[in-house]
Amino acid sequence: MSEGVKKFLYVNRKAPHGTIYALEALEVVLIGAAFEQDVSLAFLDDGVFQLVKGWDTSELGSKNFQPTYTALGDYDISKVFVERESLEERGLTEADLLELTYEDEDDDWAEKSSIRVVSREEMAEIMAENDVILSF
Amino acid sequence: MSEGVKKFLYVNRKAPHGTIYALEALEVVLIGAAFEQDVSLAFLDDGVFQLVKGWDTSELGSKNFQPTYTALGDYDISKVFVERESLEERGLTEADLLELTYEDEDDDWAEKSSIRVVSREEMAEIMAENDVILSF
Amino acid sequence: MKLGIVVNEGPYTHEASDTAYNFAVAALEKGHEIFRIFFYHDGVNNATRLMVPPQDDRHIQQKWSELAEKHNLDLVVCIAAAQRRGILDENEMKRQGKDAENLAPGFRISGLGQLIEAGIQCDRLVIFGD
Amino acid sequence: MKLGIVVNEGPYTHEASDTAYNFAVAALEKGHEIFRIFFYHDGVNNATRLMVPPQDDRHIQQKWSELAEKHNLDLVVCIAAAQRRGILDENEMKRQGKDAENLAPGFRISGLGQLIEAGIQCDRLVIFGD
Amino acid sequence: MAMLHIVNKSPYETGTLESCLNHAREGDTVLLIEDAVYAAMKGGRAANALSAAKGVKFAALSADLKARGIGEDRIVEGTAVVDYGGFVDLVVANDKTQSWL
Amino acid sequence: MAMLHIVNKSPYETGTLESCLNHAREGDTVLLIEDAVYAAMKGGRAANALSAAKGVKFAALSADLKARGIGEDRIVEGTAVVDYGGFVDLVVANDKTQSWL
């Protein structure tokens, strides 16, 4: 960790659309990306629903902000942790989720998946390792 | 049921203080009492916490609106149904609750308890018997 | 049928306002009468004309105001809930000695009796909240 | 210690604002520095000077404004969240072509970068929400 | 005297749907809207609650299913998918509504 | 590297406290504030979760207990009662905080 760089973890635990927290959390993540800190995103509990692909908000009449998740790689956000137990409880698998990718500058800019499905115990470790936890 | 009189049920399912719903529900009940409809109150789930006596909000700094519950009898509100299963889950008994009373005009204005602890099944029947359900 | 609608949450933060709006549009399309739409709790925040949502998103206050104008709807904002949350019309501004007001067109401020009256007058009352 | 505080819910509706206020007072009494208090989501609604709570209840906006004046606190309202919800100052009023503004004394409107900066600069960040 | 119960909370976050099902009676309908539509997703733990409820009809709002990427093939059998017009029809067809907030 | 977990939801309404306890680690502290103080009431079903959590310390905010009529005699053993100043001390004593919203 470079001097002056903090590890920021954005914790997403709420479903999208029913409330605005998912959308406004993303707005913080995008602004935060400009600050050159070490950034990770965590999705657990109902937060995993934020990554389920195939949104169509036209009948509801609200903004479809799903493309913003896909753009996270362009903001150099490459660490997206998704809790396995949360997926399983909800009958979801990784195949239900958006494909989020980033280009790895240490590997000749190869395109790689940003999503890492982790166990509950690993998620607890990730939380413990970070310096600042912004929860939504 | 007299002509033009509807049976109103106010359903309270949320704990007090954490959110404003308990307080603003009471404001509706007090205004509604002036309309000469048939009024009942239901307390279930975390709503039963609204009737736990002994509030002291001075350290928190918010308004203590517990006396308003005690005044419900003065507004001719005499039917307050509390769900037994909700009390039991929370380790509460009727002894933990406020004493709510009304004066029975059909019994020489004798002071009687407004609180009736009912089973979940009875609560479902009460809901079914009412015409308008205002939930908070 | 005569319908009453209650909106208990503010715009954008909860979906309740969107659901209520879409429900109201569908009810009107089916020929039902909407007796009144009552805004309570944070629902009063739907009525501020000062909101400026992003251009690629819906403008919830304008949607309500336009629907009210088109169908001559009665949009009532609870006065007690509105006072706590800083929603006022010109009358209230003067009465409370404030220097600004923010009520959007098509809304009016009135008492909780309007909610009870909707319960009495309507064939069905539908509540949208959190 | 240098503390940052985030308030994510509006006044009265959720207890978050009361808890954050009481926490801030206690932190100042213990001699800690409050680097910034950031209002996000519905938290921006704490900053309207148009609220008129019942006389027997606390006035949450005034409590924040007075605390800010007494201790020279930096109360920052997120501009994006505020626009959606109808909270604006005179600058924003002009920029958005609105005819009124409602920001209370002691609050200022700024961007989300102020929240990130608080996360970077503070020894601890404490979030109050729903 | 049938009732339309309206539920809008995710069954994975709150006990609201469970409480509703504990009070719904034979002939009643439970309409899932907003985040409650997740209850109708096949394979999820909450789907069992829908299968276990006897004598109660279920419906889910199409706009909310679509917004969340839940295709009709993912929905628990026996749950009707309705649009806002269908929501209005359910309100009319039942004697009263109760919103479980 | 201990963490202060702050929980503000009733354990009877949402699964927030349960999720927090699933992620809290040995040496961490869980502070119950607002409606979460109901978790610390003796005799309630949620009190078992507190007893079952190993290696985690619990505290509850006095202002929220008093506002809800929960006397100190009703609180699960081993749960510390702290005022707002004690809340500040817990924030300082731990390396970071996580609010479970």
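A, B, C, D, E and F are the chain letters, set down in written order, and residue numbers restart from 1 in every chain.
The rule is simple: a residue touches a chain if its C-beta (ideal position, glycine included) is under 8 Å from a C-beta of that chain, and two chains touch if they have at least 3 such contacts.
Quantities reported herein were computed from a predicted structural model and do not represent experimental measurements.
Visitor: Tell me, which chains sit next to both chain A and chain E?
Guide: C, F
Visitor: Go through B-D and C-E and name the pair with more C-beta contacts between its chains.
Guide: If we tally the contacting C-beta pairs, C-E comes out ahead.
Visitor: Could you give the separation in Å between the centres of chain D and chain F, each centre being the mean of its C-alpha atoms?
Guide: Distance between chain centres: 26 Å.
Visitor: Using mean C-alpha positions as chain centres, tell me how far chain A is from chain C in Å, no decimals.
Guide: Once rounded, the distance between the two centres reads 35 Å.
Visitor: Averaging over Cα atoms per chain, report the distance between chain E and chain F in Å.
Guide: Roughly 33 Å, centre to centre.
Visitor: Residue numbers in chain B touching 2 or more other chains?
Guide: 14, 17-21, 45, 60-62, 132, 135
Visitor: Could you tell me which residues belong to chain D and also touch two or more other chains?
Guide: Residue numbers touching two or more other chains: 12-13, 15, 22, 41, 54, 80, 125, 127, 129-130.
Visitor: Could you list which residues of chain E touch at least two other chains?
Guide: Each of 8, 12-13, 15, 34-35, 63-64, 83, 96-97, 99, 101 in chain E touches at least two other chains.
Visitor: Under the stated touch criterion, can you name all the chain pairs that qualify?
Guide: Result of the pairwise touch check is A-C, A-D, A-E, A-F, B-C, B-D, B-E, B-F, C-D, C-E, D-F, E-F.
Visitor: Can you name the residues of chain B that touch chain F in the complex?
Guide: Where chain B meets chain F, its residues are 14-19, 45-46, 49, 52-62, 64, 89-92, 96.
Visitor: Mind listing the chain B positions that touch chain D in their complex?
Guide: Residue list for chain B touching chain D: 17-20, 60-63.
Visitor: Using the touch definition up top, name the residues of chain F that touch chain A in the complex.
Guide: Per the stated touch rule, the residues are 1, 3, 15, 19, 22-25, 96-101.
Visitor: Flag every residue of chain E that touches chain C in the complex, lowest number first.
Guide: Result: residues 6, 8, 33-35, 61, 63-64, 83-85, 87-89, 91-92, 96-97, 99, 101 of chain E touch chain C.
Visitor: Over in the complex, which chain E residues touch chain F? Could you list them?
Guide: Chain E reaches chain F through residues 12-15.
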